[in-house]
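Which chain is which? They are A, B, C and D, in the order written, and residues in each are numbered from 1.
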Amino acid sequence: MLVVMRQDAGEEEVRGVIRAVEARGYKAHPIPGAQRTAIGITGNKGALEAPVFESLPGVLEVIPVTHAYKLVSREVKAESSEVAVGNVRIGGGTLVVAAGPCAVETHEQTLTIARAVKAAGAHLLRGGAFKPRTSPYSFQGLGEEGLKILAAAREETGLPVVTEAVDERALDLVEEYADAIQIGARNMQNFSLLKRAGKAKKPVILKRGISATLEELLMSAEYILSEGNYAVVLCERGVRTFSDFSRNTLDLAVVPAVKGLSHLPILVDPSHGTGRRDKVAPLSRAAAAVGADGLLVEVHHDPNRALSDGPQSITPDMFEALMGELRQIAPVIGRTL
Amino acid sequence: MLVVMRQDAGEEEVRGVIRAVEARGYKAHPIPGAQRTAIGITGNKGALEAPVFESLPGVLEVIPVTHAYKLVSREVKAESSEVAVGNVRIGGGTLVVAAGPCAVETHEQTLTIARAVKAAGAHLLRGGAFKPRTSPYSFQGLGEEGLKILAAAREETGLPVVTEAVDERALDLVEEYADAIQIGARNMQNFSLLKRAGKAKKPVILKRGISATLEELLMSAEYILSEGNYAVVLCERGVRTFSDFSRNTLDLAVVPAVKGLSHLPILVDPSHGTGRRDKVAPLSRAAAAVGADGLLVEVHHDPNRALSDGPQSITPDMFEALMGELRQIAPVIGRTL
Amino acid sequence: MLVVMRQDAGEEEVRGVIRAVEARGYKAHPIPGAQRTAIGITGNKGALEAPVFESLPGVLEVIPVTHAYKLVSREVKAESSEVAVGNVRIGGGTLVVAAGPCAVETHEQTLTIARAVKAAGAHLLRGGAFKPRTSPYSFQGLGEEGLKILAAAREETGLPVVTEAVDERALDLVEEYADAIQIGARNMQNFSLLKRAGKAKKPVILKRGISATLEELLMSAEYILSEGNYAVVLCERGVRTFSDFSRNTLDLAVVPAVKGLSHLPILVDPSHGTGRRDKVAPLSRAAAAVGADGLLVEVHHDPNRALSDGPQSITPDMFEALMGELRQIAPVIGRTL
Amino acid sequence: MLVVMRQDAGEEEVRGVIRAVEARGYKAHPIPGAQRTAIGITGNKGALEAPVFESLPGVLEVIPVTHAYKLVSREVKAESSEVAVGNVRIGGGTLVVAAGPCAVETHEQTLTIARAVKAAGAHLLRGGAFKPRTSPYSFQGLGEEGLKILAAAREETGLPVVTEAVDERALDLVEEYADAIQIGARNMQNFSLLKRAGKAKKPVILKRGISATLEELLMSAEYILSEGNYAVVLCERGVRTFSDFSRNTLDLAVVPAVKGLSHLPILVDPSHGTGRRDKVAPLSRAAAAVGADGLLVEVHHDPNRALSDGPQSITPDMFEALMGELRQIAPVIGRTL
């Protein structure tokens, strides 16, 4: 942490800051400059505590330095982590593709799509049984019935299942039926749910909130790891900006940023990230090329009749063509598909 | 809903859209223009369903028209609602000020602050017993112990108590001890929690998420009303932007916007909205002047030692001065303090 | 400037940074911490040069400390500046209101509006003769003819005139005819135009760009002062965010932020800041209450026929009512109207 | 354009809107719905005129439908345009890579880099002779001297030259010396400069402003085309968001969005788009994979000593490795490198 003094701050004010630092048991390192003095602080407990000094007399600003996350940090664990979802490993040499419908609607719909994505080479089946919806009047998913359908689809296709838990009750069920528990963007800072996920026996796919910083995303992952569950995969799904030609703005630079700071794998969801069918394949290619560990893609055999997010779902034919493209891009970043 | 066709869309494509509209039981109203055709749709179920038509051949874009919220809408209920928190009415002729510490730390700290804000003229006591914190290693609040302290402070000062519920377990307790249940920004789209709040016997103060649109805020309120709890107060507490001299950007235009679309009262929280002590009073004045129904202000008698959000807390002296300013501004918008 | 090393950075890497610092003639101040080392740098030339060190081996991040602006800084000049526009002083005890049409359309239109705003108590007449328009096919202003109309309106009403210069040719003319030169948001970083404005003999009103940081705004003002023109007034007119119920998001916290960092006065433009007539008066009140030195308000006697920005113009009646409200708010912040 | 009435709007208010539409010579198409009436308008002149109706009694909102750009639209010209820069064609089967230093510093520096990027397979040489800088105290480029150095580098390497014009005087010179005129992000809405570029005899590379919508970018291109210069290439270089791990957020979905709406080619600048050396290669790969027509990459043989933007410049070795990766990705989207 660095406390920057105003140019007109006097010696007494500098001493005041030093006393405040030392009163908390930390060490102060004054750095006198030509224009102003700065005071480095060591021994403190992390970035979030920093602002305390901001209101002392003579202080211009306080700059946090150390980051508060620990277990997720690459500084703590240098080698990249691999996370197993069923028999599929995310974070290793395979570009992992999870595909399936936005929402589980019927047994037939789910099986039709599961077979199609399996045939095209998908590694995981995704599909929502619990749907967080902006409106209380929208379809909210089939619940446990949907989980049973997903389990049946896994039974037939062999694809491990990824599905979202919207609250602790849902998480109990998802943990029982599925192979990975997805925490959605809206719940990225639902800390009670994160703590529950940290006690789960299944891996967790944690989506970035639509306006979460990287620090916040990593801190939310830290909640899960700090409860004992180290099997966490991050997922970029677009952030909210003024840009209006896509539903969200896919922030692909987060992938190399995560790789620098954390050992956790990271997926990209180009379906929510763009919200438009015609942009899913281009952004999927981009996500593979930028170095993501995998993709989460919505596929529907009849998207115009889908109960949820039809406009961003691609058809099985489009998915198959996309898989062909991804197979060519994967080797460029040292992966196979 | 309006479907806009491409300039080069042929008659067959226009007919295709009309058939798709009618197949869903809606009515199509073609509007032929000089450059292109648009097709109005009536009878549909709301904005969120709109994108289904976007991928039909020949369609340039689909524009949602009707809003999906109902119970919160001023179109449904023209007169402004008043919500009672204990014996204090929000949304009427009084500019209501809720003040208190960010977090309840000790009995003495809370009572000291409660007495001070009471003396300065505050109407409600605010204070957090359950704290949602970015880091798992930060102070997370005293829990039920904190609620008991708040109740004791109410006992002594007569101020009704507002406090946050971070999950359903906390909500059970908050409902028992407090006079109003606050749902924080991070939980604005925690739909399970909203539904639970909709069954509560106490009024709910719903904070806007840091990147929530007005539509989303109103839809989240709709979740609560649709479960039977009509005592909902909205609260603006800043949105996340690139702007870096305040922690969030307080979006005060939301106040007249809410007044136009909804009958619900709306508060402003200048403490979280700015994150900086020196900006709390200016933005509090601005919030009163823009027409907010009240304020939520963090006050701490020793902010540099506060366990949470010290830098954005003002001192009792600053609060008293602020109340004096607000007393002069309130009449301009037809209110008293 | 502070260079933060990675936890795993070795002594040699720390020495490498120190050598790089010293090679540039600066001084290095190593701060060894429990987890990592940071290195303070003094003697460097400012924030913008900082990133050079970011790519040295072992460096985690580089944090700029000193700000590069000088002449605009309150650290350099502690007392607030007043800027005279004709016989009106901005930045002193008067809440200055500039009002008038978005665009000068005709002699009659401008005179009608000028008389109305004068009667209601406005101090300055605003109106555009050169209009920056998103579309090449929109009305671009009357040019010099418009400036003559504004001069005629000043002649009759006595109101000094503020009008925008969109390029250097326009600035030559505006300097000749008007009392203050407005630089619009789109030109805030048109550095050639800023330099020309710095040589002008008239005061400059510099609007914040729709996504400019405060640092950038102050640096753009610095361009003008550094050429010798110290008569600069800043103006907040809304920033671009995801928020969709107003055309822009008025960022009122910039007013106390500017007051803290700079001695320059600052106005607020609630017309462009909201883009909606029904929000102009509420946000004008808020701007006065937050402590702005004045307002820039669009008024049109027949806004539905205005050639430019009709929807955000208020009528003379609405303006008169607003002036009444501002008269009540001004004393709260120690001003008169 | 669609005018949406309030639910409680009466017949007289609907008739009022219809009269207002017809008074402007347009045609009104009322669409009575179960909840409210909407009124389609045809014959009007474009989106920007739309808001005029918003303030009529009974109107809830006005929704623009047609877009105001014409010459840049794919609806007007269905086939994709190719733009020749010297002997290099942008927008055809080649993924075009422009590379070079951020700023031209010396003859030797520029020639060293030009030879290196030529050897690695770059098609165009980029380099700034006129630099728009946030601070008046930063290095602002060598001016005409820099243009002469670029011309000498072209002479030796055969690479056509792309360089920025920051104002009209600079544009005169750039037009004389260079093969393509770059308009920077800060000048995207400098309409006087755009008009001048529209009269130039050289192709124009127009960068997207840091908070420009796609509509605004296309309208700015329309300015250039409407003056007679059809050789325009767009360029995405990142938008400003809250996201803080890269200098800007590269908005790659703009590439398929532009391809849908316009016939103009589009490049991506991953150097400004990320601002960090370690993210340039990943985002370059992503830009190629998303379907961009080419890249603008900053390369410097000694980036830690660069006078401008060193931290985002990659070395010749990194550039050569990147070109190898791009050669593998280009065929996936039907291009060669």
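FYI, a contact is a pair of C-beta atoms (placed from the backbone, for glycine too) under 8 Å apart; a residue touches a chain by one contact, two chains touch by 3 or more.
Keep in mind that this is a model prediction, so the values were computed, not measured.
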Shared chain contacts [chain A and chain B, defined touch]: C, D
Centroid comparison with chain C (C-alpha atoms), farthest chain: A
Chain pair with more C-beta contacts, B-C versus A-C: B-C
Inter-centroid spacing, chain C versus chain B (mean Cα positions, whole Å): 30
Intercentroid distance (Cα basis), chain D paired with chain C, Å: 26
Whole-Å separation of chain centres (CA-atom averages), chain A against chain C: 38
Residues of chain D touching at least two other chains: 211, 240-242
Contacting residues of chain A [partner chain D, same complex]: 211, 213-214, 239, 241-246, 249-257, 260, 273-274, 278-279, 282-283, 285-291, 325, 328-329, 331-333
For the chain B and chain A complex, residues of the former touching the latter: 20, 45-46, 48, 51-52, 54-56, 68-69, 132-138, 166-169, 186-187, 189-193, 195, 210-211, 215-216, 219-220, 222-223, 226, 240, 276-277, 303-304, 306, 310-311
Residue ranges of chain D in contact with chain B within the complex: 2, 4, 6-8, 29, 31-36, 38, 40, 42-43, 63, 65-66, 75, 78, 240-242
